[in-house]
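The letters A, B and C name the chains in turn, as written, and every chain counts its residues from 1.
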């Protein structure tokens, strides 16, 4: 048996895989946060709650209406995205002209509201969601066991992230988005319906979170607190990576996920907090973030 | 009154708590070119921005081609044919020169004012040359040309130009004069904010002096020579 | 003004108010006052203040339960630990500004949460129970009435400290920094040093509240260091009025009353509307807090004291 620093290779690679899975979630969520922040200048504290709603929608779809995982992968983001659009139109947009902190406060209050509601109805314990049959099982490789579902999560997340990167950097719509991020009022003076762009961007960013939620349902327990704990880590990811570049967010998210996985193997007590530690270090060495732009 | 492209009455505007415009009144006829003169902080840029609804709050009446626009959102006002060239030029980084040029929306309806890209490039040959360079890597003069070209492409025919000669070498300013003269011949209506009196004097029809958010003096082109010293004292030259 | 409040406070237990309930209010009010120093006067929003509240609580618990220190030493230790934490938070947080600063405070507070969760000496998920109240200046604090007078006296002193800080030259500089930082820098003020001092003071006062709270309830738990608690103090300050001295106190009163009455409120709403679904409000304090938060941010930004002040200002301007 091959040992790496005293840990069997199988176990190590297994943790690295889990780290990649977590990292994929960090990447998708931090990308959604960054896209929303770029356009709206609001940090969406509720991003974790929408992720949770995405997972719950999948669970409810299956248990109340018998809708399959595959259908929910599409329906859940649409549904939660729609809720987000209503939220933006009704509440959030009135705060744009004010200090940015009010947007944060509103989204924070919404987390308490949403999480509180779900906790009231479903309690705090997690509920399980079955892995879809097509993706169950795994491949037995000589150096490790490769669960198919986990590979699927990584592939799906990275495809989504890559798709967003392509859309933003290489398409006309993306050019509009980048310009509006820089100066939304000027873009509006060119006849572009920027308020609509803002609403749809928020909806899309949230839909991304809901998509991650559906992906997460079979491997993490579907529970009301699941959003709150992950969003704080994602905040740290965002501070570390800076919100200046899409590729930067992806790399940072994945990298930190893997780092977390490795830490669990070699220094388990620190696993929960290693991301925050990295954040502190980055704040000293490169306050703008690894890929951030100095304002 | 189909002659009246822009009709402003009792326009007041605020930035936050600051009351910047205290009742602007003026009209611009089709094909005319007005220059707003005045000291810094008088409210000239704010007037241009207020027309497009870019200030925090405004009251009063703004009519474009007879249509009241003071309750419309910025993008709808722009689609009526208003092109804005801001003082800071607003060239977007991360986009190439050509991407910047193509960014704005052309006005629907097969607008006869909209200049096709080929015509833009013949008017502005060095933009064609630099079209794949990053927008912000262009020289000051080229960025200014790009900012103007951008709105000409949309089909806007009421142009709001803010300090377009600022910071440019005299030879570029001369080229700008030539460009504006071409636009005038084609019948564009222009409202211009200018610090450079000589630049404005070469091309504008009317000169309005703005002070404390109001127009305090209107001078026609014919009267310019005899009123020059009076104007100079108003502007603190 | 103060003497009137003092008289009211002294007499409250005699008109039937429960001392423990009142002390909870005083602790939360002090917590909010400390928090508001940073937000209202420093312009910095911290989402991690629970670390100071709970951190001080755990420090007191350790000192008094595990090491057998006297109550007074324990309290001083608690405040010291919280102040030190505030200093550390400050060092990292002020390297960024605005929203980033807030996210950093949240992240560091979460680190503290996990540290306390996992450390062996903090009782993990159960927290620390049975913290002895001990004696102070010869008075036995196990007597609720004695404790009440002690806690209210300290809370008053804490409030006075906040008042003095705000109305001091230091406070004036902080206001200048908050309103126009580039200008303050150009005037030669050591902005970072001032921010750091404010962080430390704010944490210390919030820590004092936490230290007192651990004595009042003779316990401290993970809830005291959770982000929900950090959010709660933000809400108290928001409801009462950010940047006013009285606001946080008022907000604390409202929130504490609210927390204890949520069950009654939901029953009332069910009776009023006949909708069984209002029952759910009783299940989740979080939800009601969140709802009020949202309403405050959308429609009621100045908070109660802020609105009153605004109203008075409008009236005097109209004259």
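What we mean here is this: a residue touches a chain if its C-beta (ideal position, glycine included) is under 8 Å from a C-beta of that chain, and two chains touch if they have at least 3 such contacts.
Please read all numbers here as calculations on a predicted model, not as lab measurements.
A linear topology is adopted by the chain contact network, the touching chains following one after another without closure.
Centrality by Cα centroid goes to chain A. One inter-chain figure worth recording: chain A and chain C are separated by 31 Å, centre to centre, where each centre is the mean of the chain's CA atoms. With centres taken as mean Cα positions, chain B sits 44 Å from chain A.
Annotation: 53 Å between the Cα-based centres of chain B and chain C. Along chain A, no residue makes contact with two or more other chains. Shown for chain C are the residues that touch two or more other chains, of which there are none.
Looking at the complex, you find that chain A touches chain B at residues 97, 172, 175-176, 178-179, 182-183, 185-195. By the touch criterion stated above, chain C contacts chain A in their complex at residues 45, 47, 92, 95-96, 98-100, 102-104, 106-108, 110-111, 114-115, 117-118, 227-228, 231, 234-235, 238, 280-281, 283-294, 296-298, 301.
Chain B contributes residues 52, 54, 56, 73-75, 78-79, 84, 86, 90, 92-95, 99, 102-105, 107, 150-151, 154 to its touches with chain A in the complex.
Put simply, chain A touches chain C in their complex at residues 43, 91, 94-95, 98, 100-102, 104-106, 108-117, 119-121, 228, 232-233, 235-236, 238-239, 269, 272-273, 276-277, 279-280, 283-284, 287.
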